[in-house]
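Look for chain A in each of the two complexes below; its partner is chain B in the first and chain C in the second.
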Partner chain A sequence: MATEVKVPQDLWQDDDMEAVITNWLASDGATVRKGALIAEIMVEKSQFEVSAPADGVLKISKQTDDIVRKGDVIGQIT
Partner chain B sequence: MTDAAGPVHELALADALGWEAKCLTSIAAGSCSATAMLWSCEPALVAPSKMARLPGFARACARAADAGWPVHLRATGGDLVPQGPGIVNLSLVWSASYETAPSIEDAYHRLTAPIRAALLSMGLRSSLASVPGAFCDGRFNVTVAGRKFAGTAQRWRPAGGIYAVHAHALMLMRAPDTAGIRALNRFYRDCGIERYISPHTLAGLCDLVTGHRHEDTQSRFLEALVRHLQITGVDVVCRTAIKA
Partner chain C sequence: MLDQPINERRLTIARAMAEAIQQEMQRDPTVFVMGEDIAGFGGIFGNTRGLFEEFGKERVRDTPISETGFISAAVGAAMDGMRPVVELMFVDFFGVCFDAIYNQMAKNTYFAGGNASVPMVLMTSTGGGYSDAGQHSQCLYGTFAHLPGMKVVSPSNAYDAKGLMTAAIRDDNPVVYMFHKRLQGMGWLGTEAGATVNTPEEGYTVEIGKAKVVRAGTDVTLVGLAMGVHNALKAATKLAEDGISAEVIDLVSLVPLDRETVINSVAKTGRLIVVDEDYHSYGVSGEIIATVTEHDISKLKASPARVTFPDVPIPYAKNMEQFCLPNPDKIIAAYRKM
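Our next item is the complex of A and B:
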C-alpha cells in the first residue's frame, strides 16, 4: 500500500497561497525511513521540512522548483 | 537580562547559524523550551540555501568575498540579506503542538509582537507589510513610516506531534550603508537576477529616533524587546550562557 507524501493542509491560512519545492533530500527510488527529512518546501519566506510519513521506497511526483498548494501530493512511499 | 554590556551576543556568523540549528534540534527533541537570542556578527551576505543552485552563484560568492562580503547559506526561507555592525538579529525557537493548528502567519505574529511592542515603547508605531525595493521583502516585514525596519523568516520541523519552529528577525539599528546596498545589488547582478535594492526603502532605529545618542536609543529598544520576550515566557539566552 502506498503512503502519500503531502504538503500540510493547515500550515498556512491563505488557501490561494502557493509554495515551492526548494529541495528534494532523497532521490526518486531511494529507500527512506519514517521520519527522515526528505524534502523542503518554501512559502512566505518559511522553509518547511517534509519528513517521510512511512518506511519504503520514495516515488517523487513533483520536482524541485515546482509550485504546490496546501494538501498537494508531492510523492508516494511504497 | 540586565547585563551591563547589553543583551546582544557578538558572534561569528557561522556560530550564530550553528546555534540556531542546534536549538531547533533541541526544541524538536523536546529538550528545551521557547528560547531566544539576540546576536550581531561580522559583515557578510546571507542567502537561503536554494540560491546556491543559481548558475552564477559561485562566481557571485567569489566576487562578494573579494569585496569583503563573504557569503553564507542559511536554513530559513526568503532572499539575500546583509549582516554586520548596525544589525541585530533575533532568533526565536519554540514548539507548537499539531493540536493547536499553528500556522506560519501565527508564528510571524509571535515573532514580531515583542519587536512592535518595543518600538511602541519608544513612540514608534509599526505595521507588518511588504516594502517593494527592500532586501528580502515579505508581507511580514516590520515597517515604520512605510520603510522596512525588520525582515523576518522561518524554518519549521515536524517532530512527533509537534512542530519545532525557528523564527528569525533581522533588525536594522542603522540602515545599511552604501557599501552594503552595493554588495547586495552586485550579487544579484552576478547571479543574473534582475532585482534592485533601494536604500530609501530601509529605516534604522537610530534614523527613526532622533535627539538621543544612538547607543542609548539602541539599549532602550533592546532592553524593552527582552522584557517583552520574557513576558511571553521566552527564555532569553544570557551573554554568559552562550557556547557557540
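Our next item is the complex of A and C:
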C-alpha cells in the first residue's frame, strides 16, 4: 500500500506561494523510517523540512530544483 | 564518486557541520560557539542549526557585528582553557580582525614557548557565483594558507565536513575551517547535489592534512578544493565520454598540505590542472604547480595548467562573474590545450 509524500499544507502560510526542493536527504530507492527527515524545501530563502510519512522504500517523483506548491506529491513510499 | 550506494542518511554540509559541533558540545563542556546570527537563527548558512535550542545562550552566543572584539575574545578564551568555535560570517570580513587571527591566534603558542595553546576553530564562509559581488564572494584560500601557525581545511562534501569539524574541534591547534557557501545546501545559494552525501550518525574524524583521490584516472590529474572538486568531477565525467581518464584529487586541507598525494598522482598521469576559485596569482594553484615542478619535471608530459579566478575584484553583474569563475568547460579546454 503506497503512501504519498506530499508537501504539507501547514508548512508555510501563503497558499499560493511556490517553493523549490533544495535537497533530497534520502535517495530514490532508499529505505526510510517514518518521521525521518527526507527533504528540504525552500520558500523565499526560508528552508522547511519534509519528513517521511511512513516506513518503506522511497520513490522520488519531484527532483531537486523542481518547483512545488503545498499539497503537491513529491514522492511515494511503499 | 563521493557518495556511497547505500545512502540512508544523507546530510547537507550545513547539517553535517551543525551535527559535528553538537556532538562535540555534548562530549566536551569547554566547547562553545560564537558569531553573528549563530544562536536563534541557526547561522545564516545553516551550520549551527539546533545548537541554541539544545545548549542555551551561555554556550551558543550571538555577538554584535564586531569581529575585532569577538574573534579576539575567542583567542583569549581558547588560551584560557575553552575550545571556542567562532564564526567569521564571510571570509571577506577578515580585514578588521586579522591581527587577532594571524598574529595572535596563529602565533601565541610559539611566543609562549609552547606553554599556551589556542585550540579554537575559526569557521568562515567562502566562495561566490550567486552575484554577491566583491566583498562577499571571495575565497582567500591563499591568504590564510600562506601565513604560518594555523591549520586550514575546506570540505567538498558532508561526510568530510562533519569529520573535519570534529577533528578541528579536538585539535589543540587553531584551525581555520573554510566552508564554500554554494556547497552548504542552502537553496538560495544554488544547489550542488554532489555535496549532500551519506553521513554517519556517530562521531568520527577526517584526518586534517590528508588529500583524497576522489576519482581514479590515468591521463590527467585534476586538483581541486571545495567547489573546485565538483567542477573537476564534472569535467572528468565529460572527458570520459571522449575516452580520457581523469584523476581527481580533493585537497581537503591546505595546511598541512598533502603534497605527496599530488606528486604521486602526477607521476602517474604526467599532466596537471589545478582548479582554484581563489585569485590566480600568488595562491594555491601556484603552490600546487610549484610542488610538482620542484619535485621532478621529468614526469611531466605537458606544462601544468590552472583554472582560476582572474586577478580582479569579483564583479556583481551575473554575466561578468560567471565569465570569471572556474567551471568544468574551462577545465576541459585547459586539457585540450595540453
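Simple rule for what comes next: the second predicted complex is superposed on the first by the 78 of 78 C-alpha atoms of A that agree within 3 Å, B and C clash if a C-alpha of one lies under 4 Å from a C-alpha of the other, contacts with A are read in each partner's own complex, and residues count from 1 in each chain.
Just so we're on the same page, a residue touches a chain if its C-beta (ideal position, glycine included) is under 8 Å from a C-beta of that chain, and two chains touch if they have at least 3 such contacts.
Here the structure is a predicted model, which is why all the values come from computation and not from measurement.
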| item | value |
| --- | --- |
| Three-chain arrangement built on chain A, chain B and chain C clash or fit | clash |
| Contacts of A:30 with chain B and chain C, given as first, second, both or neither | second |
| Partner chain(s) touched by A:16 [first = chain B, second = chain C, both, neither] | neither |
| Partner chain(s) touched by A:48 [first = chain B, second = chain C, both, neither] | first |
| Part of chain B, among the options 109-117, 199-207 or 235-243, whose backbone runs into chain C after overlay | 235-243 |
| Residues on chain A lying within both footprints (that of chain B and that of chain C) | 22-23, 42, 45, 47 |
| In the complex with chain B, residue positions of chain A that touch it | 10-14, 22-23, 35, 42-49, 51 |
| In the complex, chain A residues that touch chain C | 20, 22-27, 30-32, 40, 42, 45, 47, 64-65 |
| In the complex with chain A, residue positions of chain C that touch it | 7-12, 46, 185-188, 191, 193, 196 |
| Complex contacts: residues of chain B adjacent to chain A | 48-50, 75-79, 101, 103-105, 107-108, 136, 138-140, 152-158, 160 |
